[in-house]
Amino acid sequence: MLDPTRIDKITSDLLRPIRINNAFKLWMTVLIVALVICLYAYTLQLKNGLGVAGIRDYVSWGMYISNFVFFVATSLIGMLISAVLGLSGVKWAAPLARIAEIIALAFAMVAGLVIVSDMGRPDRLLYVIIHGRIQSPIVWDITVVSTYVIISALLLYLPLIPDLKICADKLEKAPKIQRDIYKILSLNWNGSPEQQKIISQATRALAIFIIPIALAIHTVTSWLFANTSRAGWDSTVFGPYFVSGAFVCGSAAVIIAMYFYRYNYKLQDYITDSHFDNMGKLLVLVSVVYIYFNLNEYMVPYYKMKKFEAIGIHELFSGVHAFLFWSTQILGLVLPTILLLFKGMRKPFPMMIIGIFVLVGGWFKRYIIVVPPQEHPYLPIQNVPMNFKIYTPTLTEILITVAPFILVLMIITILSKVIPIVSIHETLEEEIENPKPLKGM
Amino acid sequence: MSEQEEKPKKKTRREFLQELGYVGVGALIGGSAIFAGVNYDKRKKQVDRIKVLTAENELIEIDKNGVTKVVKSKKEILTYLQKEGREGIPGKRWVMVLDLSKCKNAQRCMAACQSSHHLRPEQSHINTLKMQESINTPPYYLPKQCQHCDNPPCVAVCPVDATYKRPDGIVLIDNERCIGCRFCIAACPYSARTLNWTKPLHDDEDKDKTYNVELNVPQRKGTITKCLFSADRLRDGKLPYCVSACPNGVFYFGDENEDAVTNGTTKVTVRFKKLLADNGGYQLMPELGTKPRIYYLPPKGKTYPFQEKDKALLDKELE
Amino acid sequence: MFKKNIGIKISTIILVSLFSLQAFAQAWTIPAELKAKTSYIPFTSSTSKEGEDTYTKNCMSCHGNPGKGNSMKALNPIPPDLAGKVTQQRTDGDLFYIITTGRGVMPSFKDVFPEQERWKLISYIRSFNRQYVQVLSTFNPQKAKLVKFDITYNAVNHLVRVAVKATEKTGMVVLKNDSVDIYAKRYFGRLQFDNGMITDKDGIAYFKFPTDLPGDKAGNVEVIARVTDDNYGEVTYQTRMKIGVPTDKPGLTEQRAIWNVVSKSPIWLVVVFTSGILFLGLFLLYIGFSLWKIRKIGTL
């Protein structure tokens, strides 16, 4: 049995962030102001049409779609950490599962909004359901992304039920309404073996089910491109290429979030150096897989130099996109992978910096996948103004692209202010099975 | 029958549908109606008679005085036009043949198309491209539009059935349905589609018009617009706008089922397959498996020189 | 050999320059009797209006608006402004000949417009000339009604026999030595088959009919015959003959395909998609049921 004081210590440590402080208020104010500015940009787009963005008939998918791919990609990490690692019994990942799920849920939810911002007629959004064609990858994408949102939410909620009970009991200072909600959502949890059994079975089923769904959301997203005959998109490795890239982005996002929580929520005892070390190793693994797929994706067309693919390869390797391409590949992928091979780099701070590089690189990588292949269609671009030939994002477009990031930050911030971001219930169980001295005891 | 002789049919029919609604069915049955297949000469003299296409797609001729005009609501007219626009013209398989040896980049096709479909100057359903495959092969002009593929990649990817293929082969876009996702633009290897990125050119003037899917007018902000093979004109027995506008005899248009295509400039009708066989007809990028309904005759023995300024442009591109 | 080549080149140059000179001078060689031909239709504002419709559709893309000087300059020779002096100085017969036969960039409209419509076009062109006074032809168009066609088909040798006669009060008159053309009616125009023929002494001409011309479902083809005779004018006759290949091709959207509508999507896709949705629904029911059970156990 566990010492009651340790139980209290763990519980209060993990419940401490659940309160509204001035830092939270300030942070939310900044986010809301920024969001309002971005939403104003979107109202301009609603009023004047998609033309306020730099996209035109040739490069017709620009930053919005790159952003969509990035958001879907990042959300995949939930599946990797909570399902794949969880099911294979990797213990160290357990405390990170909730962070990963929060990231997955936030990014997946917002991904749906990103796609709406790219629509010429957002007022007809429901047509996708009313008149949906099951042959269209967009319909598949909407189906699997919304499924992923639901399953991710459930996968966040089910393991949370015991914690919600704790919240309802222990958070005496919280407003009554908040405690009532905890109470309702905790479903009369009493920790009985029957309840334990049901919840572990259901969680396990969710964890299994989310694997194909997660693979599907990004594979289908890759098919939005690969199912066309455009040179540069017309590739059979796009599915696994996208999925492997997604894990890179997601791992980086989790690392950044871990760093933030560890220091802001004072969770050094729960998100430890060894967690960072392990996440660093995981990031190396997924990066190496991604580098391998990159090699496939660029080496094969480079070798053959087929007419239109050669133009694309030339533009990336030594043409107009060369700077972006090489900085993305080297600074955002190869260099981080090499650095993380050294133990000294797998410490919280360097990893957070590396994570930012990987995440930013990941965003631009999506841009490189989406935009350049559209600049060189099979037939020449003629008899159109210059802005049709060269894609230049506008300020409005950039603001609309930033909005989803603000939304994600808001969702993550709010979620981590109402639920414990490391599972109390599981930490306690782990303590019982595997007691270890906590620092400061 | 010449195009000219078909003319009255269009006016009456369109007036009926767009302004007045359908002709009272009673008038159709009421004795005065006789079928159009009557003697050619007899028909021409009957000034007081008009031709009407019934909802059952039968062309009938009726006495002008016996017509009851039924004013229909805009919504009913729209429903009728939408239905008609999905069904197409039965028994037809439209084809177009373009003789590249005759194109001299007059761009009359582009202008006629843009004005009839209310397009902005930078929007084109048909675009004459300056082409040259390699440094030693000859340059030529390529009028390029939607290829109305029999295996259309754009239709395949459409999430809402806004762009669709008709039984008569035309690929149309329904702007009452389009959500502006632009997946079709991404999927089309011929760059044949364009979006109304901002307010369409004649948005205010067209405000009260009933949307005609076969003309794609009024254009709508945030939706796709593309070549329609002038489906509205075909229904009236007329050649497409671009075909009629060409001064150089580039375009042939017709029905594959009839094995005949008619030149838009000379109005001469020839056998479709023989035209292809005699001139080495080919399709654009057949290797993509899109099965285009547009055929090209190679620019062999061009009757017009390639313009110097265009040559300079291509040389720059090929370097 | 070398000299021969030179000779060819020189003669080509001469020919080409002659042609361009001719083009420049716009000299049409029109036979005198055709030059003198005049219309039997009186030119009125209504014929001019009908002519204008035809003009707008078929002529304006090259000739521009008469009197505006906006004809298509890129063509060689430049199509004349039809309100201009050059055109208006021509006789009605000249204009009729030019429209009928065409030359170079100017297409022949013989098979496109019936004689009447060509005259109406001239009526429109003349409406730009105030000095113009029409000289009416004495030709009586009513005579065309007397002409009778007899068209038969011999399926063995694939020949169409066209016999042309006129039933005058004095008795049958055979139209011999007249030019006859026959056409199959197509959606946008007339498809001429075989060449134009001259009727023999019995007023008969034979045309080779292609064995592979598509007809309607039953193989019917609308056959149009046209005879041009000095006394009876241009007479056209249309009849339906069962001489084509029966054609009844299905619409192009019959088969199940990825690009077709949902109801015609591939079976495997319908099965996969529906079972996927079904499975998801059942799965969510299971999760919902589990949650309900947890709640129920807790209340006990």
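Here the chain labels run A, B and C in written order, and each chain numbers its own residues starting at 1.
Just so we're on the same page, a contact is a pair of C-beta atoms (placed from the backbone, for glycine too) under 8 Å apart; a residue touches a chain by one contact, two chains touch by 3 or more.
Just so we're clear, the structure is a prediction, and the values are computed from it rather than from any experiment.
Undergrad: By CA centroids, point me to the most central chain in this structure.
TA: So the chain nearest the centre of the shown protein is B.
Undergrad: Quick check: more C-beta contact pairs at A-C or at B-C?
TA: B-C
Undergrad: Find the geometric centre of each of chain A and chain B from their Cα atoms only, then give the gap between the two centres in Å, rounded to an integer.
TA: Here chain A and chain B have centroids separated by 46 Å.
Undergrad: How many angstrom lie between the CA centroids of chain A and chain C, rounded to a whole number?
TA: 63
Undergrad: Report the inter-centroid distance (CA atoms only) between chain B and chain C in whole Å.
TA: Their C-alpha centroids are separated by 17 Å.
Undergrad: Among the residues of chain B, pick out those that touch two or more other chains and give their numbers.
TA: In chain B, the residues touching two or more other chains are 153, 156, 161.
Undergrad: Which residues of chain C are in contact with two or more other chains?
TA: As it turns out, chain C has residues touching two or more other chains at 258-262.
Undergrad: Multi-chain contacts in chain A: which residues touch at least two other chains?
TA: 132-133, 135
Undergrad: Given the complex with chain A, which residues does chain C contribute to the contact?
TA: Listed in rising order, the residues of chain C that touch chain A are 258-262, 265-266, 269-270, 273, 276-277, 280, 283-284, 286-287, 290-291, 293-295, 297-299.
Undergrad: Can you list the chain A residues touching chain B in their complex?
TA: Interface residues on the chain A side: 48-52, 55-58, 60-61, 118-122, 124-125, 127-128, 131-133, 135-139, 142, 224-225, 227-230, 374, 377-385, 388.
Undergrad: In the complex formed with chain A, which residues of chain B make contact?
TA: 110, 122-124, 127-131, 142, 144, 153, 156-162, 177-183, 185-187, 189-191, 193-199, 220-224, 285, 288, 317
Undergrad: Quick check: in the complex, which residue numbers of chain A touch chain C?
TA: So the residues of chain A touching chain C come out as 132-135, 140, 143, 147, 150, 154, 158, 161, 187-190, 192, 194-195, 198-199, 201-202, 205-206, 209.
Undergrad: Would you mind writing out the residues of chain C in touch with chain B in their complex?
TA: 53-54, 57-58, 61-62, 72, 74-75, 102, 105, 107-109, 111-114, 117, 184-192, 210, 212-214, 224, 236, 238, 240, 247-254, 257-262
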